[in-house]
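Here the chain labels run A, B, C and D in written order, and each chain numbers its own residues starting at 1.
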Amino acid sequence: MPEISLRRARSIIRKTLEAGRERDLKPLSVVVLDTGGHVKAFEREDGAAPGRFAIAEGKAYGAVMLGMSGTAQMQRAEAQAYFMAAVNGAYQGKVIPVPGGVLVRDAKGAIVGAVGVTGDTSDNDLAAAIAGIEGTGLTADG
Amino acid sequence: MPEISLRRARSIIRKTLEAGRERDLKPLSVVVLDTGGHVKAFEREDGAAPGRFAIAEGKAYGAVMLGMSGTAQMQRAEAQAYFMAAVNGAYQGKVIPVPGGVLVRDAKGAIVGAVGVTGDTSDNDLAAAIAGIEGTGLTADG
Amino acid sequence: MPEISLRRARSIIRKTLEAGRERDLKPLSVVVLDTGGHVKAFEREDGAAPGRFAIAEGKAYGAVMLGMSGTAQMQRAEAQAYFMAAVNGAYQGKVIPVPGGVLVRDAKGAIVGAVGVTGDTSDNDLAAAIAGIEGTGLTADG
Amino acid sequence: MPEISLRRARSIIRKTLEAGRERDLKPLSVVVLDTGGHVKAFEREDGAAPGRFAIAEGKAYGAVMLGMSGTAQMQRAEAQAYFMAAVNGAYQGKVIPVPGGVLVRDAKGAIVGAVGVTGDTSDNDLAAAIAGIEGTGLTADG
């Protein structure tokens, strides 16, 4: 399975934060996970609340573990709330099923990791994540 | 208490995966638990998301621990969400109350284990599980 | 990163169990994890105690998460017991630092997963795991 | 309370990784925590084992939560193992009491955060952390 490099993870984070500054969003926190759901890189902007790591990780973790974007998880949660609650139990409460958890795919469509962004509204978090991933030449599945 | 053999567990998994391929379903993951809710055998097809073990186990675990199929658990969750949430607390979050968790019974109707299938829609997961169990000469209670 | 296929995982399990039968070992349980520490396949032989999944998983999980075989983990635990205890806290108690947790490498030396075997003595578990991995044409790092 | 900025956290990580490359160490993982023990930034080099985030975090977390470097924690663990085990219980298993967890102080001696490094021997991890912190114009208390 292809795997995201640190160089690319770093690039995604920088471009996501730049997208946040251009859009005048609140301070963002951005995590990049590998295909096993393990942290590759993370940054939290000055002024962001201290607990943002767990929220960013939770958005990306659900995406990679279920193979399903945060937007798709939210739709499932809205249709069948107890199902996503139960999934979260099975994953020890690590899943945050809202937009901003984004699968990262390479040119062939293979999943190479996931990005989680938090700090502004979920929709703005998602827009920044997509800008960061696409700015690095990868495909965002948000 | 009758107990499912490894030979039969392996056969259920193979026939469930074959049923998935015949129906052109997404990559499936299949677990077989014994009557105590403990894992006997598991396989995750190539291309399935990494977190599928916990979902498959959660479907089968709820079935065997409550003596109630995933379909019956879902009906209970829809009628009385707080009840299934409370059950999940008691079981440390290990229950996934949707179709695809199936009790396995022998010719006399005794429970000999449970199967959990995940990867496609819950209804397709259930259909594959039933095909796998019945193809092995046992009775599916889904 | 290369990733172990279900076909190969299945082959490792079969050959490990065959090695156990040839050596007249007690009933074995064998898990294969992918490079993220997630379960790919598992089988527990008839007569093995019900809780063997967690032991097999714990041996393989420590190997893949730390990039260190069970034998190396045991040496570290014997030299510095509080360190492995602390590692286990960080991994929520999922690490079993004894022989029988084996890294699986491909022809280029890249880690493609890990195997965990339990049921007999740790040394016999390790011997069966090595036989299973090498019998499948992969390299065991035990 | 003074607080480490993202710009400085990023600089510490870069200089720690550079120090690792100069010394030809194994792939490193580096975390920077703030004065509340919360993640500010993290990077895991290519080739490092997937579970390294928890180890890096555990080294830095113990340092900041106890106000005591990893080296001092190790001495305490060797003198009184049950004490560090009890501390770890109180901190939910998040403390790794070995060298490589380093307090970061400003020019006035105030703690502004902590760094955790893992990947090579504990002593080499510590040397890289000190190089990274001092290279950024801050004081390392390792």
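In this section, a contact is a pair of C-beta atoms (placed from the backbone, for glycine too) under 8 Å apart; a residue touches a chain by one contact, two chains touch by 3 or more.
Worth saying up front: this structure is predicted, and the values here are computed from it rather than measured.
Novice: From the options C-D, B-C or A-C, choose the one that repeats interface A-D, i.e. more than half of its residue-numbered contact pairs are shared.
Specialist: Answer for the repeat of A-D: B-C.
Novice: Where chain A and chain B touch, do the two copies share over half of their residue numbers, giving same, or under half, giving different?
Specialist: different
Novice: Could you grab the centroid distance between chain C and chain D? Build each centroid from C-alpha atoms only and quote it in angstrom.
Specialist: Here the centre of chain D sits 30 Å away from the centre of chain C.
Novice: How far is the middle of chain A from the middle of chain B, if each middle is the mean of its Cα atoms, in Å?
Specialist: Whole-Å distance between the two chain centres: 30.
Novice: With centres defined as the mean C-alpha position, give me the chain B-chain D separation in Å.
Specialist: Each chain's C-alpha centroid was found; their separation is 44 Å.
Novice: Measure off the straight-line distance from the CA centroid of chain B to the CA centroid of chain C, and report it in whole Å.
Specialist: For chain B versus chain C, the centre distance works out to 25 Å.
Novice: Would you pick out the residues of chain D that each touch at least 2 other chains?
Specialist: Expected reply: 50-51.
Novice: Which chains are in touch, pair by pair?
Specialist: Result for touching pairs of chains: A-B, A-C, A-D, B-C, C-D.
Novice: In their complex, what parts of chain A are in touch with chain C?
Specialist: The touching residues are 1-3, 34-38, 92.
Novice: Write out the stretch or stretches of chain B touching chain C in their complex.
Specialist: Residues of chain B touching chain C: 5-6, 9-10, 34, 36, 38-46, 50-51, 53.
Novice: Looking at the complex, which residues from chain B come into contact with chain A?
Specialist: Contacts found on chain B: 48-51, 54-55, 57-58, 77-78, 81, 84-85, 88, 92-98.
Novice: Over in the complex, which chain C residues touch chain D? Could you list them?
Specialist: Residues of chain C touching chain D: 35-37, 64-68, 80-83, 85-93.
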